[in-house]
């Protein structure tokens, strides 16, 4: 059966320390459904869904106006198709009964046996609410990848890719970490998806950028963002929705949710400030794109850690993740691939930094880490995080690469050069973003 | 007294089956106010309010730029005036003591006697919260109609129309279905407003399109949407807010809310996918407008059914509603009226399809339909749905037509031709949507 | 120790009247954390955070396109830096142990001792949730000021200013009213921040407009808003978020939250209608900017009153605040300063009107005012409100003025004239809002 | 060869294009401009104050033509864009010395 | 008849229009353009990298005039749009062969 | 002095600018326009119906030049903007009678 990060901690804390147990409304073994946990989780699920249109704006504002719709269609396309995939087989592959610690079985195919009356194991919300909430994560994850190949990928290839990727990468990795698989079993910490969501998608983005190749004119011609207010609003919506993403990952309306909410806000703010300060220092100008990108980087960084670290720890994570991502993104040209909107630079790099810092900063003394102070060494904690990240990086990279190569061979990944010049909106979608 | 769909089901389930009763936190006859139901209903009310600015963007992006403000003013105008109408007399007409099964009495004029301490009958939220939540539905419903006469209706006539329409159509129909009136008494199923909100407004839209006549140049000159990112964001906000609309219609933080939330998401996704696939097949291009319109059609279709069907049923409803709306919308020119933004084509048609499919698909076995399996035939269920839809169609069409004719006679519905050419924004509102 | 408005009322109501006590889930002296109060307060905190991007759009749409980013950066800059200030010292200055009734002590420096397990005093939410929720208010307040000096203030000066202002004005005034200081002790009523947020920021805006001087060409050349759909969407987001702002200020999921939610919606609607009607009457055109500005004015006006007045009272507050702000804003040119986006005209004036009307309209009979009917005279109530407003006006004006003068002397407040002509976006931020 | 520059009402663009098609004139370049002349502007309202906006949206057409088609074209444009109200716009004719079709390198009238 | 085409700084538009009004020149057509010349562009920053933007926003005016008003008008525009800094812009004068007022069908100088 | 007006594909702007720089021509003014000629438009879809959009985005360049540089410049633009597909655009050359540099008041060729 699946195991939530929350429950995992709880499992431990029962044995080792009960100091913070009162804060957890989900703890009663009796495990009846709690109407108040349900309230917060419904709100959280809505917030996470709202992140995907936010992502559409964030990415859409950063491309040239001739590609705004095709870029937004990546996010909206995921909203249209992933809920169906999740319902049909995605959920059961992630959270069905464990098979060899690597994948879920087919018990819940078509969400069979997922009850809206029975509590999810160890939680005080129903199985269906758990499945629905998790489904929102499944939507946004493949949409994040799209930043890497914006402005040049075929829509048909994209849609095919995310269906396959969600099935063959997202569901397995989700199972490893949260669904009863081997990474969760090893106590790798991933509170809200630093590994499951951000590393997996960020690394797939790298693979995609490599396979699909550069945009015409990159990096010589400047490709300036066409509408920065879109981008800023998108970042604002992401920040807002992330409260449901991280706060909701407590899977109940409890103290951990409050903690995760607080750390999320602080990391976003610190990371936004850090990015702006760094670029102000190096480039002389504090930019809106920088502030927005920094905020997102900080949100990525805090995701694996949100319920495991103190607010002070969140500030450290925000600052470090942002600085590393800045450095990486500003150097990316020299790496020779064209990650158009820095999906790898922010989600892959930021997710990895966050995963490791989770090991460094998770609060053992407070019992947040799932280990009593001194029970395991800090080195072990960090080592586990590195292991989790590395496993996800390798798996996601290899499978993504294979998938992309196959799709490329079968239907082609990249639009033809004329379409790329004229813009994907008009040629592929038969629409213009803006008219009079 | 008013009766919620939720309570109605409950009433039945008590007699027939108690299998799912534990999920319902609202059930205690004692009926104290539940703080957790309150939490979710407050969040839901906020979400439903947010749908109206979302609608403003959805519609505003689809018109030509010279009319963006006048189109958005339809939505914002409803936000400005309907809460007052609802407070003064709308609520009591809908939910005041029943008069002959057709209208509420004036007990709650000016919301007199609507307590924030006493629970609404049979619910665990206060009377005031119930009234406020319902008031959000009253806001968006007339705003939906505006899609039919965008780009040519006088603002004064519009404001007058929605005040009258809300009073003479919305409140009565709401009473019929949810307030203790005859349709609710017959056990017509309308979970969250397929009939009350979408059929009533969609049909009024048809009446309005007929009475006001076409835009200059329609259908010869293309009238392309001026800003599709607006439209997409609007659809995203609508999707997000619809969780409060349907999920909140459980009137508590319970299993039905979870079910409605899940079916809402699945129907929206399936409908979006369906529309895109259909147009990809017939027109060769998958469009953003298509995806957005499909999602909205699916949300309309699932509205009457959200808490009555299984997730699998939601997928069927999404797919069918979307396909029917596509077919209808793409044929509309041949019907000879100008429903500018397809308010009838999506809300009228989609609402009717959804209402009927609710009868076809509502889950008797699970007790969701309010009837134990076999107690009433599927035919009876469908027949009741057809009756409910037909009654609403006829009533809304006739009253809307009369209202529009009277307003036309008294102050005129349509702007003068020069204003239409120059754009309503500059001439009526003294503003331009965009400047340098 | 800090005291919430809610607790203050409760304190009183225990002595004087228990009639509405059952509605308050937070009342048990035992004071355990309530999962349902937590759910609503988490949602509210997210909603309040979302108001700041909303403000960015509201303000950003109203400036000329060359300054859209610099204007949005005021809001996003506050999101980036204020959470850190609040964490480090802002919270403890506002809600640390009282020092002479004027400021909090340093007990909670770095949020030391703010527990996510222990309830906040007299409440059923944790101390950390209370602190995080209050932190969202701290973010938006300085961002509101920015309307006064949009299109001409240096970003460096702005950032420095809000850090200092938050420390030296916001935290103290917050302490006076809510944190155990002298205004709260006198029973000055401020439900959700009419004084703490709107008067303090609105008056600072006046000071800033005076110190920084006019924009080139003001008031001769028209400076038309460049994108009114932004502005409308911003107002919509503000309205939506304000449910968390006012509804959340009940600090629990209870009857007061429901009341505040309802009055908020009604005041916004009435104020929007009033503004539109007044300008329709005087200028012949109902405008989108008017509707949006009116709604915001109404939301400002109801803020101090939301949980203290009846829905009928909310309508009065909405109408009066809106009319007074309209009058003021339309006359502002004659006052000789350039409050670009009417931060003073709406928040300063509207906040003061709302504060006084709170005294006039707070419902003694229902026990909402904290006084039993007849216990204190209406005159005393109003007098206290005037006192609270006056104290805040004087303090905020003087300290803001001094801060601005110092910053002006040290690094300069205003951009150079060439930058102002070319636009701040390109010169200060190195970005253009829009490209092809 | 001549270059006709016509400033017309945005709402007449399609009519004008139809008229030109009928005359066998297919090539043209369109710019969105704002113009001022005898036509009164409108007032816009912003927070209770009125501002006169007297640069109104117009469409500017450029059409390069051989000498012999100029008169016809001018007349065609005139007819198609005339409403009789102030603000109908202007047509200017300017001589062209050389014309090149970039794709083929053709020069002169063939290039039109 | 001549056509004056002036490329000026956006911030000078109102001054120039006032100057023309004073000379009794009311009709003009305005286009938003971007220009490059001796004026240095500015750099924009995008995620840590700098790009030079050397097409700067300018306003292009077209004014059709009778011969005799041209000199005055050129001077008027010059004065009103001059700041003395690089980037002030250019004025070009081109001959017009024919002019039509669409509303009335007037031709030649009356049509201006 | 001549005024070259070139209507080119948006994607060739940078190439053309580079070509002109190489010829020592630095000043130019750019307008976003839409054009129609032999190039087929594309169809757009809106809710199940198709519409032909046959005004396509183009870039219009204006370059004032001394007589002697015109031929070179025309050739340079030609080469840099040619793709060989329909829709490459046109170049027109028109005489200028007077040119003024606003900043300095210079007239004639010096002002270019």
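Observations on the model:
Which chain is which? They are A, B, C, D, E and F, in the order written, and residues in each are numbered from 1.
One rule holds in what follows: contacts are C-beta pairs under 8 Å (C-beta built on N, C-alpha and C of every residue); 3 or more make two chains touch, one makes a residue touch a chain.
Only a predicted model underlies this, so the values are computations on that prediction, with no experimental measurement involved.
Counting only chains that touch, the fewest steps needed to get from chain A to chain E is 1. Considering every other chain in turn, the ones in contact with both chain A and chain D prove to be B, C, E, F. Homomeric contact chain A/chain B is classed as different-residue, with under half of its interface positions used by both copies. When the interfaces A-F and C-D are ranked by C-beta pairs in contact, the top one is C-D. Look at where the CA atoms of chain B average out and do the same for chain F: the two points lie 52 Å apart. Put simply, the C-alpha centre of chain B and that of chain C have 33 angstrom between them. Chain D and chain F have centres, each the mean of its CA atoms, that are 18 Å apart.
Chain D has its Cα centroid 46 Å from the Cα centroid of chain B. Residue positions of chain D with contacts to 2 or more other chains are 31-32, 44-46, 50, 53, 94-95. Counting partner chains per residue, chain A has residues 34-36, 39-40, 43, 224-225, 227, 253, 283, 285, 287, 289, 430-432, 436 touching two or more of them. Touching pairs of chains, sorted by label, consist of A-B, A-C, A-E, A-F, B-C, B-D, B-F, C-D, C-E, D-E, D-F, E-F. Contacts from chain B toward chain C in the complex involve residues 33-36, 38-40, 42-43, 45-46, 49-50, 52-54, 56-57, 60, 68-69, 72-73, 76-77, 79-84, 87, 110-111, 116-117, 125-126, 128-129, 131-132, 135, 155, 227, 230, 253, 428-436.
Listed in rising order, the residues of chain C touching chain E in the complex are 221, 421, 426-427, 430-432. The touching residues of chain F, counted against chain E in their complex, run 3, 17, 26-31, 62, 64, 94-103, 105, 111-112.
Looking at the complex, you find that chain F touches chain A at residues 9, 11, 14, 42-46, 50, 53. Against chain F, the residues of chain B that register as touching in their complex are 222, 224-225, 279, 282-283, 285, 287, 289-290, 293, 326, 329-330, 333, 342.
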